[in-house]
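Both complexes shown next keep chain A, but they swap its partner, so chain B is in the first and chain C is in the second.
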Partner chain A sequence: MEVTVSMDPLFLAWSSCRRRRFQRCADICSTLLAESPYDQEPAATATAAHVSEAVWSLKTRALTEMVYIDEVEVEQEGIADMMLDESSIAQVARPGTSLRRPATSQAGAPTPAVRPMTQSGRPITGFVRPSTLSGRPETMEQAIRTPRTASTARPVSSASGRFVRLGTASMLTHPDGPFINLSRLNLAKYAKRPNLCKTLFEYIFHHENDVKTALDLAALATEHAQFKDWWWKVQLGKCYYRLGLLREAEKQFRSALAQQEFVDTHLYLAKVYQRLDQPITALTVFKQGLDHFPAEVTLLTGIARILEEMNNMSSATEYYREVLKQDNTHVEAIACIGSTHFYTDQPEIALRFYRRLLQMGVFNCQLYNNLGLCCFYAQQYDMSLSCLERALALVSGDEEQADVWYNLGHVAVGIGDLTLAYQCFKLSLAFNNNHGEAYNNLAVLELRKGHIEQAKAFLQTAASLSPHMYEPHYNYATLSDKVGDLQSSFTAAQKSEDAFPEHVDTQQILRSLRQHFSSL
Partner chain B sequence: MSSVPQELKDTSVASSKWLDAHYDPVANLYTFSSCIALSDLHGDGENKLVVGDLGTGLCNMKLKVYRGTGLLSESTLLDLPTGLVSFLMDLHEPRTPAIAVASGPFIYVYKNMRPYFKFTLPSLDINPLEQDVWCQAKEDMIDPMTLKEMLEGLRDKSEIPLSVRSLRFLMLEPHEMENFVHLHKELPIRRQTVITCIGTLKKNMADEDAVSCLVIGTENGDVYILDPEAFTILYKMSLPSTPTLMDVTGQFDVEFRITVACRNGNIYILRRDSPKPKYCIELSSHPVGLVRMGKNVVVGCTHETLHGYTQKGKKLWTAYLPAPVTTMALMDLPTRGFQAVLVGLANCEVHMYRDKNLIGTIKTPDVVTSICFGRYGREDGTLIMTTKGGGLIVKILKRTAVFDDRDSTPGPPIAQSIRLNVPKKTKLYVDQTLRERENAIAMHRAFQMDLSRLRLAAARAYVKALESSLTPMSASLTEPLKMNAVVQGLGPSFKLTLNIQNTAASRPVMNLAISFLYDESLYSMRTAFFKIPLLVPGLNYPIDTFVECLSDKGVSDIIKVFVLREGKSAPLLTAHINMPVSEGLALN
Partner chain C sequence: MPEVKSMFREVLPKQGQLSMEDVPTMVLCKPKLLPLKSVTLEKLEKMQKDAQEIIRQQELALKEQPPSEKAE
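Right after this comes the complex of A and B.
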């Protein structure tokens, strides 16, 4: 017997959607809708109306899924949000209560002499997240000037930047106009139909990135649901958050949590508090979440991230370990613990963690770079250079290449081959003209050769490129001190002290200069 | 009136020796230790606090008298007080002391808080040429501009300095001169010096209530001793420099000793019968405070040090202080035979030193600018301090307080007992060292081979970068240049700033040009080629240019900058600018 009947197209579309073949699903839905357009003319029968409704809903879902990004994760503060922040109450917060001023002198916190710092005075993490890309700059000029390349630049505001770039399809043009014309949508009508309006909301929010319309729809829908549907409250909160109305968002999330405990809601609420620069409250929210959902990985990761940003490395590592107990393939946790071990002088343990990542199938330039460095500092010399070589072969951009050459330069300094080191640092600069660290190290090498003018110029460049580093200032201070330019030495030493108040050598040079100035 | 802040009541040993009698953070008292005195003004056995308040430095100079916690009286001073002393000028009963306030070239003497006498310093010699010039001006023989030129000539050449009036005249704008000359030409010229410090010296008896002479130091380096009743100059001595701090001991008729710290950083010791200084102490930094303790002199210096010297200028000891000295005073308790030096520090502490031993520390809410210790009211051991913010602190020494003579600074430094956080060597590490030990030769060979390969790879990449001048600094010996580029702006227009620096030791670089290479469909530049000026070595030349982004697709590209030398096709150096995404459209 022969079956010639083809599969029901709607079922096929649904199945494709479940198999995450969204383009195919959308195509099938489009043909179905072309045959019996929904919303255009009154359908012949009630069943047909239901079918076309289902097709329409499925297509919105498919289109949304194509561009969906997890709202919990993506967080990048724009320049405008950062510089024109009016929700911050205290300009000078007590140390340890704000993400802006992490307690630098906390016991056990790594110093910039051991672990490199980001602009905000926070040690670099083992895992790049949007909010750790670079810290909050202090002045507007610094905010706009920081090396703003396509991959690292901050958007003007979070409403414009990354969401527009990755989270939506609206920037790309459609051949036959958008699927749904938002301006002609009767929101009140859809709000009364709970089945349809949830997918519609997600479409508007994620695909069209039209937060205001999404907010209108959510408001109508929650009213229709008599304020009893926690889902709508969460969505309202999301909309408010995107619009920057953080206190309203907080209210909605709190109300949703009162109705229904949910992991996502906790994450959203904590995100609001992080934006409000209240890390302690965010931690409490996470911990409350953990009471209801013990050992939830996302909540644990959230706590660890906040602790890490607040320079509390030991507690952060503990939470990352807790994460690993639940999910032993958690890349972020492994990477962060690895980097902490590396910077606390235990490269052999860090090597283990990075090897674990390699076994898990992570295969990129950064990992080989870290492996190479760990091998070098753990005295496994036979492996180190081959790892770095492989890292060099795997680079995907100029900046990565610059970083690998920079690390090779460090290895070269370690084995005393200064010619090689010089070449490596110069290559690093050739690939990334804004590599402040390479400028600084090159200056030290130039100084050893006796090229004082050149060293001075490089140090000045390094200081202007990365004002958060103390090394160029300190080096400039010692250099000027040797040359006899005490005034420049003093100003440079003061800048170095600002960047790293506990640096003993800076203190010493300042003390000797003060003594010199006050003698007769 | 005000309460003692909580932080003063800490449990440290030093503060428990003192009772907090009064603290007024807004007493509006701005003064220094030289302008503060305790005195039984009315002869009623109750000491008052007399303060020459400097006010804001321009106005509100006041002479204030405090009794207990309240202000008893205040009278306006005409000029900034430089010193204030209380002294007995006669033997009349009741024995009420007078107050002498030095300000400018005058000493105002108050009795019963009423103006009693004004002493003026003798005027100094006037340059006869200056006198002539002003005479001519008086008779309208010369106009103000000529007068100015002549005075300037005099100022530069003559040995006797110009008078204050001439100096003031030289400071004026041309349009103000006419008026000034008109106003002042009738008056005779005078050259006056000013008083810088003041002290008292017992006349002929060592008693507590003996008659005292005034001792004053002046700006032109003279020290005068004045008769207490007639206010005539009894004795004049001269110093090589201007005195700033003064301490006097002894009796005028018998033997006395004046210790003066001068502005040239030396301390001179003057004695009776010699108009020139007898001994000289050369300090290594400027003196801030001078106190005599028994037969020794204690000096606080800008070096954050405290030195002890003998009367003859022999150095005894040096103590190192944690912060710069703001003021110093003597703490003298004759009833208990106790003497110490109080040193106010810039870190809001007052330290008590006996010889070089720190015997106590007082924490204050603000930086102390003046200290006075003595009998206030009916209480013998009272410490009065005024702060930088205009506050007044009164503390009373407990009668049970005992000061140990031993040094209360802790013996070994605290850092010595802190354990370093050295991570333990893990088992893994031991295993790895074992591996290293066993396979040493193989590892070494592998490493050396990798190293050679790396050297080769680095050299290749380096040569490639040099050949195409990819680096942002040029390697050529004739034009050692360095460039870095900064992009500013949010788009669609960006500002490019190229920082070019010539890193040669002494040779300038000329004939250079800059050109840009970019995708013309994405960016447009007003000038894509321009010449750069002569580059002086060591200076940073920022060169600005503007770029317009033409695309609205949210894409960005690299702009290459070349620094070229005239007549050569290969660039000297290249910089790559990663352009940021233009945000201008997203905002609309």
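Right after this comes the complex of A and C.
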């Protein structure tokens, strides 16, 4: 302790910041600032002023780092942004040019018969990123429903989403009020001091989440730099993007790229195009980036993500493999290739990929669940149950728990223990009452027991909970057909056809029903 | 063993039709691999959870305060 007392506190603070002990750094800075407040009174000497300036700047940095999240990754569209989209060009885009209507009939694209779909009609991915949510629903009702891929409900607008909550979170941790009072800040003064204003900007942008003030500061600063600093242009673009002014953001990023080629800028620019629903342009941006930075992992991942969202699984996998050649510990690539193998009927290979993740130290419920499923379908029954048990032990939320029980139900169905399967699906529903898949499977089990009315009720619930799945519609159609209710069988079969046009059995039911009706 | 063979003879029909009816069966939903979470997403969720925890604690503290003020 003697050493720490005698050490220069500013140096200690700086060192803690470098060792990522931000809370400690901020605390030391606070005490230092309490002794000689910056910006309050004229300091006694020039050196003292410089020191308190440095402390102030260091504290902004530490506070920013505490809540810093990679801006490239973050994407959350609110309902309002999605439904009231001004930037869309065509109501019905050509297939293959829009993320909204991914081309479905591509060779190698997985069908819902083997790979479950998310609400947006896209096969589930092996990896959730914040932007996986951006598949757009068709109707308002669907938009309001909680997306199945993340545990949070979709916010009304992106401005009311995570960002605001994060902002208030940072306020809460300081009972004496915010560190910097933004409304009393003389932005013009700071804009003239490049060494201070970059940290200040990041503080306002990330910690306070006050995008408008950040934008003002960035505008002043870029003016002071005579529009020659690409960094400020990128920051301006980020602010515009957050405010939803996508075309302005695009201009800033393009201008920054003209000045200085940088990987991040390419990523931001591609993000703008993705938001504008122009995946082809985004791909072009990534490829241009790859010309300057060959084999850059983030750019390759970006391409793979877009291809995956456009249902082009085979090319996406190619790119993920390319990523793995550069960086063989890339979790996202391994997870995505693994899930693709699982759903293309190669659970043994999928198992190898997931095992690799386990070796790398990923240790969570999702991974064990996937391992359990892969083991089961690769006929390694001894491991399967213990993996799923461990997944249950590591569960962090009710939705996850529901999903693990749902998968356990599948294992039970596989070994023919229908009582266990029934209990598993029931448990899954106990944890998440909106689990459409579990309802559907329960209905099938009920029907095996001969409880037709109960099965019908479950199927109807499943169909209303997740209208994007074809299974409940198809099952309802078959069931109604058997009991002679041809009209509801026909409507259900039509819904099933909407969800999965290539399904042969649905086509058969529809054909026979049409024959019946025409002969009447 | 040879005796058993003589007892049961294999019957393989050489003519006649083989018919099979394709009965529509119910479909189970497929098993679901859970997607892994990105580091950013995990950090976001952790920060949200922490913030909610702090809010809850503050609310609890607020609830406990009024009686003590009355007592004073």
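As a convention for this text, the second predicted complex is superposed on the first by the 498 of 520 C-alpha atoms of A that agree within 3 Å, B and C clash if a C-alpha of one lies under 4 Å from a C-alpha of the other, contacts with A are read in each partner's own complex, and residues count from 1 in each chain.
As a working rule, a residue touches a chain if its C-beta (ideal position, glycine included) is under 8 Å from a C-beta of that chain, and two chains touch if they have at least 3 such contacts.
The structure displayed is predicted, hence computed values, not measured ones.
By the document's definition of touching, neither partner reaches A:355: not chain B, not chain C. In the superposed pair of complexes, A:380 makes contact with chain B only, with no contact to chain C.
Within the superposed three-chain model, A:460 lies in touch with chain B and out of touch with chain C [touch as defined at top]. Touch criterion met: A:69 reaches chain C, while chain B stays clear of it.
Of the two partner chains placed by the overlay, only chain C lies in contact with A:116; chain B stays clear of it. Touch criterion met: A:426 reaches chain B, while chain C stays clear of it.
Overlaid on A, the two complexes show chain B and chain C touching the same residues of chain A, namely 149-150, 165.
Residues 79, 108, 141, 144-145, 147-150, 153, 155-157, 160-161, 164-165, 171, 344-346, 348-349, 352, 378-382, 384-386, 388-389, 392, 398, 408, 415, 417, 420, 423-424, 426-427, 429-430, 433-434, 451-454, 456-458, 460-461, 464-465, 515, 518-520 of chain A touch chain B in their complex.
Note for the complex: chain C touches chain A at residues 22, 24-38, 40-41, 43-45, 47-48, 50-51, 54-55, 58. Residue ranges of chain A in contact with chain C, taken from their complex: 67, 69-70, 73-74, 114-116, 124-130, 132, 149-152, 162, 165-166, 168-169, 172-173, 331-332, 335, 338-339, 342-343, 357, 362, 364-367, 369-370, 373, 377, 400, 403-404, 406-407, 410, 413, 436-438, 440-441, 443-444, 447, 469, 471, 474-475, 478-479, 481, 505, 508-509. Chain B meets chain A in the complex at residues 265, 283-286, 301-304, 421, 423, 426, 428-429, 432-433, 435-436, 439, 442-444, 446-447, 450-451, 453-455, 457-459, 461-462, 465, 470-473, 480, 482, 484-490, 499, 501, 503-505, 537-538, 540, 553-556, 575-581, 583, 586-587.
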